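Presented below are the structures under discussion, each in the form of structure tokens.
Shared chain: chain A. Partners: chain B in the first complex, chain C in the second.
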Partner chain A sequence: MRTLILIALSILLLPLVVRPAIATEIWIFAIFGLGLNLLLGYTGMLSFGQSTFFGSAAYVAGWLLKHYGINVLAALGIGVGVGALSALLVGYLCVQRSGLYFIMLTFALNQLFYFIAYQWTTVTGGEDGMPGIPRPVLLGLDFQDPLMYYAFVVVLFLASLWLMKRIVESPLGKILQAIRENEVRAEAVGYHVPRFKLLAFVLAGAFSGLAGVLYAMLFGIVPLEAIGFVFSGNVVFATLIGGSGSLYGPIIGSFVFIWLSESVSTMWARWPLLLGVAFVIVVLFLRGGVVEAWTRFWTWRSSKQTG
Partner chain B sequence: MLYALMGLGLSLITGILNIPNFAHGALFAVGAYLLVSAVGILGNFWLGLIVAPLGVALLGLLIEWAGVRRLYAAGHDYQLLFTFGLALILNELIIVIWGPVGISHLPPALLRGGVDLGFTFYPKYRLFVMVMAGLLVVATWLFLEKTRYGAIMRAGIENKEMVSLLGIDIHKLFTVAFALGAYLAGIAGALTAPIRGLSPGMGVDMLGIAFVVVALGGLGNLLGAIAAGLLIGVAQAVVAAYWTEASTAVIFAVMAAVLLVRPQGLFGIR
Partner chain C sequence: MALLETDRLSKSFGALTAVNAVTLRVEAGTLHSIIGPNGAGKTTLFNLLTGTFPPSSGRILLDQKEITGTPAARIAHLGLARSYQRTTVFPAFSLLDNVWVAAFATSRSWNGLLFRPTHKYPEVLERARAALDDVGLLNKANQLAREISHGEQRQLELALALAAAPRVLLLDEPAAGLSPDETRKMVALVRALKGRYTIVLIEHKIDIIMSVSDRISVMHFGSLIAEGTPEEIQKNPEVRRAYLGGVAA
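Here is the complex of A and B:
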């Protein structure tokens, strides 16, 4: 309950504190993180290629929005579909391997999609990105109004969060967690592990796709970076700083990450340097993420009060 | 051959240390840039070719000692984040120090021009790189197969606990392996500089290729890395002759095709 109140409060307060575009981006990135966390936190698969699905969905839906003027809901549906489909392709190749191989394969296939987007300039615009993506009116709601679009994204975020909560609490979610804890035992109990891993991968891809389309409509452009590996790394980082063990970790991570990167990137063009330093510091000194640091702080405090 | 060199270095690091080294491409790029600076300062290409990779090896030593060493017990996610952070740092430092614009670097006067091979005309420097890379691969292979320390290293890939139980300082072994892998990345970068020129993005491009080589050849499988490196290089060269735009994508396509048929890679057992 406390979490719900916190989320509701942050939804209301956020657009007052930062620009609506950044506030919207935070929730979009949180959807992206929710998808990754199904893999990283619940199934124990570290995918370093989530931007493949994010970017593919953004390009395809963006292209259709731009040239065929499709409906917003159709664009979202297509984005989810493209995200899931590309995840099916990539996942089929990757889920049979685990550990380091899995990480390297997701990354290498991410690079494949990146180079296709980079070279196929007639469609993607290559390095310049694909500009001119509209935000069409839906049922009389004008999404050109930044706050209206913010509200739309927030509704979709809440729906995603609800759906993800249902997924991880369902029998499927429990099987995925069993795979995380002990893959051999899950197999021995009778579950076809690769199939469940693939299913988790496709679900995560669908969430990434949704985030990708919303991102394209938010900025009106699909930049080449949206399918690049740094983007994949960012979402891993955001999820880890939030704490991958919790359903809400990616949300906190997304807050911290987007807010920090947006405020620093305007100050210095070489800000990825600071981002790199932040990665190193978090890894060396703050492992466990914000959620764990928070719980550690609370246990420390309550132990002081009782003792 | 260069791909084989990169794959070999990465295979050593991932195979022995069991970490995903996302900084491998950045080490490659640092090697190339250090060569340019070293040649600029020393005025001699050959000295530069000796100094630059050693600099990268030293950097590798420092990275292992200061960071990677603390992370062996942590999960892959944190190791990945750490090396990825390092890659970002090195990449941005390259831009800060050498500027964002690409640099072209000429091969030494001795190796300019081409040789007539009878059927085709081939640039001298490329021949030199092939020979050099081939020699390095063979030297590394000999080191690992024929020397005592090499045998320990291979044993480290197979079973770390066993090696440390036998009274061998496994952490020293890790440090040496990381430095050696970094050296190989550095010299690959240094050799590449006069062929393709330098740009800050070169490391990332190479990183993807190195991962493909390792995924195809099998972790810690050194002959596999060499074979996969050659396969990828040839595939790329053939495609580049007909369809230049696709020459990078084909690397990953080859990987995907091989994995469809053999999910464990060409020579992988695990």
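Here is the complex of A and C:
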């Protein structure tokens, strides 16, 4: 309940505090993080290639929006589909390996997609990006109005959060966590581990794809960075800082990360330094990220009150 | 009638033949023990039976049907469940969640796999609780697996196998690392399971074996060197030389 109130409050207050574009980006990045965390937090798979699915969806849906004027809902559907499909392809190759090899494979395949986008300038615009992506009117709602688009993204974010909550509380969520806890035993009790990892990968890819399309429509452009490894690293960073052990961790991570990179960066060029410090603190003292700090604070407070 | 059989089953790792032409018949409803010195190939035999890796040659039959080469994840669905010599549980899960995951795997359908909340599977929950009850851990259902004692973890290890509602239980040294007291408890547990399941038991502690087994097979350097009732095994001179008498004999 407290979490829901917090989310509702931040949805309402955020556009008052920062520019609507930044507020919107925060929720989009949170959807991206929700997807990654199904892999990182729940299944224990560190994917360093999530921008593959984010970027692919952004390019494909962006291209169709720009040249064929497809409807917004179709663009979202296609984005989710491209995200899931590219994740199926990449995931199929990656889940055959585990540990460091898995991480390197996700990274290498990300680079492969990056260079395709870099070279294929007639479609992607290469280094210049793919500009001119419209935000078509949907059912009379004019998404050119930044607040209207913000509301639209928030609705999709809430739907994603609800969906992800259902997934992690379903048997699949339990099975993925069981794989994280003990792969050998999960296999022995009757789960074909690679198949479940692939399923997690595809689901995460679908969320990334949704985020990718929303991102393309937000900025009207798909920059080459949207499919680059730095972007993949950012979502891992944000999720770890927020807390990979919790469903809500990536949301907080997205707040911290986007706010630092968009707001603080204009005041202080060396802002990544703050990110580095935050990361070191998380790794050394707070493996559960901000979420853990929060719960620790509340246990400390209630113990002081009773004691 | 033999429920589980192997026919000249072998496994080689390079030049080492860990399991050498083992032909074994486990009768339905019996407790069949496999004994042998360290490195005799007992655990490798279990790994072959449960599909951890395929055999180099030979066949495995369950209920007269060949299951040789069936991958590990399929084996549980065929009714073969194992416990591990080294505790292999889900540490951050509550005891109930541990057995719940195992019970769900072999539940009749996976309907709602992606969306139905886990608490809406009454039949799975019931089987999970029954498995915990069978090993005497139901009163600790909500504790985390990493927070219970080693002895209790060994009991949980057993419960994970039971939760799959298997036809054949393969127990790999259930009493490994237990104190005399805990060992007695474990023996009582295994004895209580006897008759309800067909059990194949690997054990080092010879007194346990002699008191609970219906039949005993003796492995030595990967081969079966004897099989019989506990009395027959105790009298067998070759077994005494290889195992019971130890190196000194």
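We adopt the following convention: the second predicted complex is superposed on the first by the 286 of 307 C-alpha atoms of A that agree within 3 Å, B and C clash if a C-alpha of one lies under 4 Å from a C-alpha of the other, contacts with A are read in each partner's own complex, and residues count from 1 in each chain.
Keep this in mind: contacts are C-beta pairs under 8 Å (C-beta built on N, C-alpha and C of every residue); 3 or more make two chains touch, one makes a residue touch a chain.
Bear in mind that the values here come from a model prediction, so they are computed numbers and not experimental data.
With both structures placed on the common chain, the touch criterion links A:181 to chain C but leaves chain B unconnected. Contact with chain C, but none with chain B, is seen for A:169 once the two complexes are overlaid on the shared chain.
Of the two partner chains, chain B is the only one that A:240 touches; chain C does not reach it.
Note on chain A: of its two partners chain C and chain B, the one contacting more of its residues is B. In the superposition on chain A, contact is made by A:193 with chain C only, not with chain B. Contacts of A:210 after superposition on the shared chain: neither chain B nor chain C is touched.
Within the complex, the chain C residues that touch chain A are 50, 71-77, 81-82, 84, 88-93, 97, 100-102, 104-106, 110, 112-118, 121, 160, 163-164.
Contacts from chain A toward chain B in the complex involve residues 40, 46, 48, 93, 96-97, 99-101, 103-105, 107-109, 111-112, 115-116, 119, 229-230, 233, 236-237, 240, 244, 270, 272-273, 275-280, 282-284, 287.
By the touch criterion stated above, chain B contacts chain A in their complex at residues 14, 18-20, 22, 67, 70-71, 74-82, 84-89, 91-93, 95-96, 204, 208, 211-212, 214-215, 219, 245-246, 248-249, 252-253, 255-256, 259-260, 263-265, 270. Every residue of chain A that touches chain C in the complex is listed here, in rising order: 166-167, 169-175, 177-178, 181-182, 184-193.
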